[in-house]
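Each remark here refers to the structure printed beneath this line.
As written, the chains take the letters A, B, C and D, and residue 1 is the first residue of each chain.
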Amino acid sequence: MRVGLFGLGKTGRSVARSIMNDDTCTLEWVMRKSAHVSRGSLADEIERSTTGRSRVFSSATTPIEDVLDRFPVDAIIDFSSAESVNYYGDAAARRGVRLVTAISHYPCAEQERLRSLSTETAVLWSPNITVGVNLLILAANLLQMISPHADVEIVEEHFRMKKGVSSTAKIIANSLGITECDVKSLRAGGIVGTHEVIFGFPAQTIRLRHESVSPEAFGEGALFAAHQMEFAAAGLYTMEDLLIPAFIENARKLQPRVLAVNS
Amino acid sequence: MRVGLFGLGKTGRSVARSIMNDDTCTLEWVMRKSAHVSRGSLADEIERSTTGRSRVFSSATTPIEDVLDRFPVDAIIDFSSAESVNYYGDAAARRGVRLVTAISHYPCAEQERLRSLSTETAVLWSPNITVGVNLLILAANLLQMISPHADVEIVEEHFRMKKGVSSTAKIIANSLGITECDVKSLRAGGIVGTHEVIFGFPAQTIRLRHESVSPEAFGEGALFAAHQMEFAAAGLYTMEDLLIPAFIENARKLQPRVLAVNS
Amino acid sequence: MRVGLFGLGKTGRSVARSIMNDDTCTLEWVMRKSAHVSRGSLADEIERSTTGRSRVFSSATTPIEDVLDRFPVDAIIDFSSAESVNYYGDAAARRGVRLVTAISHYPCAEQERLRSLSTETAVLWSPNITVGVNLLILAANLLQMISPHADVEIVEEHFRMKKGVSSTAKIIANSLGITECDVKSLRAGGIVGTHEVIFGFPAQTIRLRHESVSPEAFGEGALFAAHQMEFAAAGLYTMEDLLIPAFIENARKLQPRVLAVNS
Amino acid sequence: MRVGLFGLGKTGRSVARSIMNDDTCTLEWVMRKSAHVSRGSLADEIERSTTGRSRVFSSATTPIEDVLDRFPVDAIIDFSSAESVNYYGDAAARRGVRLVTAISHYPCAEQERLRSLSTETAVLWSPNITVGVNLLILAANLLQMISPHADVEIVEEHFRMKKGVSSTAKIIANSLGITECDVKSLRAGGIVGTHEVIFGFPAQTIRLRHESVSPEAFGEGALFAAHQMEFAAAGLYTMEDLLIPAFIENARKLQPRVLAVNS
C-alpha cells in the first residue's frame, strides 16, 4: 500500500515512523505546511531515508495534483489540521485514493465536504484512531447491552497538564449513555493515557482497561484502517464500522469452537 | 420460574440465598445428601422460610420421582457432586425439566449421561457458571481473533490455600491457545478470585479483568442460564452458547448506532 | 488476652468471629443493646460456643460493674455506637482495661470523655481501624514528604448504594492536604471497598492500593491495636501512633540490611 | 550543580535530556566511546546546544584529566559500561567529584575499585536508579516487617522481547526474602515496565505498584542522587541509603501531625 501523509507535528512524526517501519506499505511522501526543512530534523531524515522514495512537500508551495500524479498513492492519512481536506479532498477522491483522517474536530463546512467526498471514495473519520480504544468501546457497549443492569463507571488518567475530560472518554461515555460529567478524570505526572470502564455486578466486577504506551498507537490505527478499507465501497466510515463486522464474523466462527464440548 | 437445587455446601448455600432473593423465581426445594438438619443452620432456615414453600430433602431417603411430582420445577440447578445426575437425570428429563449443572469435573460415564439427557431436554454444563467470567472469555477470544498479532498473558489471583492453576484460568488459557503452564498464578491472603487477560500491542495495552466479590456470582450465573434456556430446544449447552448469540445480536444492533455519525 | 466486645451489628458479628478464631485471645463476653437472643442467631451460637466461656449480655439489663468483676477482661473493643462509652468508660478505666473504639463519629461530649479516660488507661480511637488502610495512609504520607513535587490523586471504589465520599478517603485526603472534593468516588455493584493513592512523576507513576476483601479486616485491626497497646502508657492513641514507631524502628533495622552491599 | 555524563546510548541520551531540562544543574560535557559525531544526532545537538556549555568528548581520544581541569564538574553520572570507571575513577576521586553510577553489573575488579574510590569521595551505585522503584522497595520492606504474616507476591511486566526476570524484580525479591523463581514475569507488546508487590491478608490486600512511563526516570533518579549526596561524606552508597534517612526523618515529623487528634 502506498501512503501519503499530511502533518509532521509531534503525532505526525510518530505516524511517519510507524509507516516507515511497516513492511506492508511505503511512505511515498509527507505534506506539511512549512516549506522549510531544517537539517537534522525528521523531515530531513525522511527526505534522505534509505528507501529513496519518501519526500517532504509543503502545501504552501506544491500543487496537490502534481504530487498525486508524480507520486501516486492508495491512501492518504491525515494528522494535520481541519482545513487540509479542502486542499487534497477533490483531487484525491477523483483519483479513487481512500482517505483516513484523525482530525479531532471538523467545522460544519468540512464535515459537509467529508460527506460529499464519501460519495466518490471510502473515507474514514475517527477522532481516536487507535485500534485498542475502539475495541474497548465496542466490547464495553456489548457488555452493557448484555448486562443492562450492571453499574458502569468510566475513569481516565492523563498527564498533569491535560485540560478537561479526554475526547476519548467523552466518546466512551456517550456511547454508553453516561453523561460526560460523570467521567472520573485523574491528572498525574506524565501518564500517557489510560481509559477504564468498570462494570459492577452485585457479586463480581469486570474492568476493561486501555493503556497507551506511546503515540505510535495512532499510526498503527491509521494503517489498520487504511488496510481494512482496501476493498471498501465509497462511503463515510468510523473505526467501529470496520471493527463491528469483524466482531460479528469472529463471534460466528467462535460458535463451533466453544460448542466443541458437545460433539 | 420454579427451581430445585442440588447441593447445600458452601457454594450451594450461597446459591440458595441468591434464588430466594430473586423475585423472578422460587426455590421449591433443596436436595442434599444428609438427612439430618441441625437447628439454626441454613437448611433449617430454608425449611422455615417465610415463603412457606421451600423444603429440604435428602437424596438418601427421598425418591426424586416423588419430589418432582409433588413439587414440580421448571429447572434443576446442580452444585452438588458428579454422581447426582445419575439420581435425578432421567426423572427430570422425562418431565422436561431443564438442567443447569456447575460441576467442575464429570467422569466419562456421567458426561455420556449428560449427552444422552440432552436429547430430551435442555442441559447446560459449565464448570465456571458466572456470567462475568464467561463474558471475559468471550471478549478475550474476539479481541484475539481481531488482533492475532497481540501478545496475550493471563494472570489469576486467589486466596493463599488454593492449589494449582484455577480451573477458570485453564479454560481461558485453552480457549486462547495458551498452555496452562504459562498462566501466572498469584496466591495471597484472602483474595476471592481475579482473572486478567492482557493484550500487548507495540504502543498500547488492553486489560480485561474479572474480580469475584462473593460466591453469590455462581447463583446469579446459574439463574441467568436457567432463564436464558426457557425456550431453548433440547441440547447440551455451555454458557458461551447462551452468550454468543447475544453478542452477535447486540453487535448488529450496535451497527446503526455507531453509524449515526454518517446520516 | 481476654476481650469484651460491644456491638453485635453486621460489623460486630464479623469482629466477634475474628476474635473467636484468634488463638492469642478469648472472647469473654459480648455486650449488646437488646436483651433478646433469638435461637439460631450468632448471639445464640456465641452463647453456646464450645469454649464455654463466651456470653452475651444486654446493656439494658446488666450493670457493667458486675460483668467486669465476674468476667474480667484486658481490653474492650467497641463497634457499637457513640453513647456506649458512657456506659462502660469509667468502670473499665478504673480497672485498667484498655479501650479500642472504632466508632466513626463521636459528639463533643463523648470525645471529651475519651480524653478524660485516657488519663487513666490506654485508649485507641480510629474511625478506620484496619491495619491495611492505616499502613496505606502512612506510606502515602511518607512518599509525599519525600517527593513533594509529585502529583497526588485519590480514587475510592465502593458498592453502588454507598453515599458520599468514604470516611476513609476523607481521612487519606486530609492527611495529604487534598480537598475532599478532589477525591474520585466510583460506585459499582458490590465492590467491598478499595482506596488508591496515585503519585504521578514526569516519567513514572506509583500506586498504593488497598482492597477490602471482607469486613473481618476490622476485627483483625482491632485485635492488632489491642495487642500493640499491651504495655502502652495511659493516653489517647490513633492507629498511626502504633504504626509510626514500628515504621521508624524497622527503617532503622533496614539500614544495615540494604547497606550490606557496602561491606 | 555541574554534571559530567558518561554514555550516550539510548538511556544515556534520555539522561542527557533530563539534565539539560533541569534548572538546578548544567550538563558540562558528555563522554562517549566513539570520536565520531554525526550531523543531526543528539550528540550534534548537545554540541550546538544553546547553553553554549555542553561538549561531547570521546574517551578514546581525550585524556580525562584534561576534561576535568578545563571543565570541572561536581558530579559524574555514569550510564556507559562497567570499564569506564577505570578511566575516570582516580582522576575524579582525587578532585572530590562525587560519582553516581547506574551500571547493572560490575565485575569483581571494578566492584573493588568502587570500594577503593569510596574512601576518597561519595560514590553511589544502584543498578536501578529511579527514585520510584527504590521508594517501592523501601515501602515494601517496611510493610513486610510490620506485617510478617502477610503473603507476598511480585509481578513484573515488560515489553515482549525482554529476556528473563527483570533486574529490578530480582532486587525487590531478594530484599523481601523471596526467591527469584517465584517472581511472575509478564511479557506483552511494548509495556515500558511495571513492578507490583502484593501483600495478602485474610481480609484485605495491599498493592504497591510502580509503572515506568519513559526512560527519563533514570535521569531524574541520577540527579536526585547527585543532589542528595551534596554534603555526603566519602563512602559507598545505595539509593536506599539516601532514602531511608528521609523516611525516618519524615516519619518523625509525621508523628505530631497524626497525633493532632489528641491535643
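For the reader, a short list of remarks on this structure follows.
Criterion: a residue touches a chain if its C-beta (ideal position, glycine included) is under 8 Å from a C-beta of that chain, and two chains touch if they have at least 3 such contacts.
Remember, predicted model here, so these are calculated numbers, not experimental data.
Chain centres were defined as the mean of their Cα atoms; on that basis the chain farthest from subunit B turns out to be D.
Each chain gets a centre from the mean of its Cα atoms; for subunit C and subunit D, those two points are 39 Å apart.
Once the centre of each chain is set as its mean CA position, subunit B and subunit D turn out to be 50 Å apart. One inter-chain figure worth recording: subunit A and subunit D are separated by 37 Å, centre to centre, where each centre is the mean of the chain's CA atoms. In subunit C, the residues that touch at least two other chains are 189-191, 199, 201-205, 213-214. In terms of which chains touch, the assembly is arranged so that all chains touch all other chains. By the touch rule above, subunit B contacts subunit A in their complex via residues 115, 118, 125, 130-133, 135-136, 138-139, 141-143, 145-147, 175, 199, 201-217, 219-220, 235-236, 238, 240-241, 243-244, 246-248, 250-255, 257-259, 261-262.
Looking at the complex, you find that subunit D touches subunit A at residues 39-41, 44-45, 189-192, 213-214.
Residues 150-153, 155, 157, 159-160, 184-191, 198-205 of subunit A are the ones that touch subunit C when the two sit in their complex.
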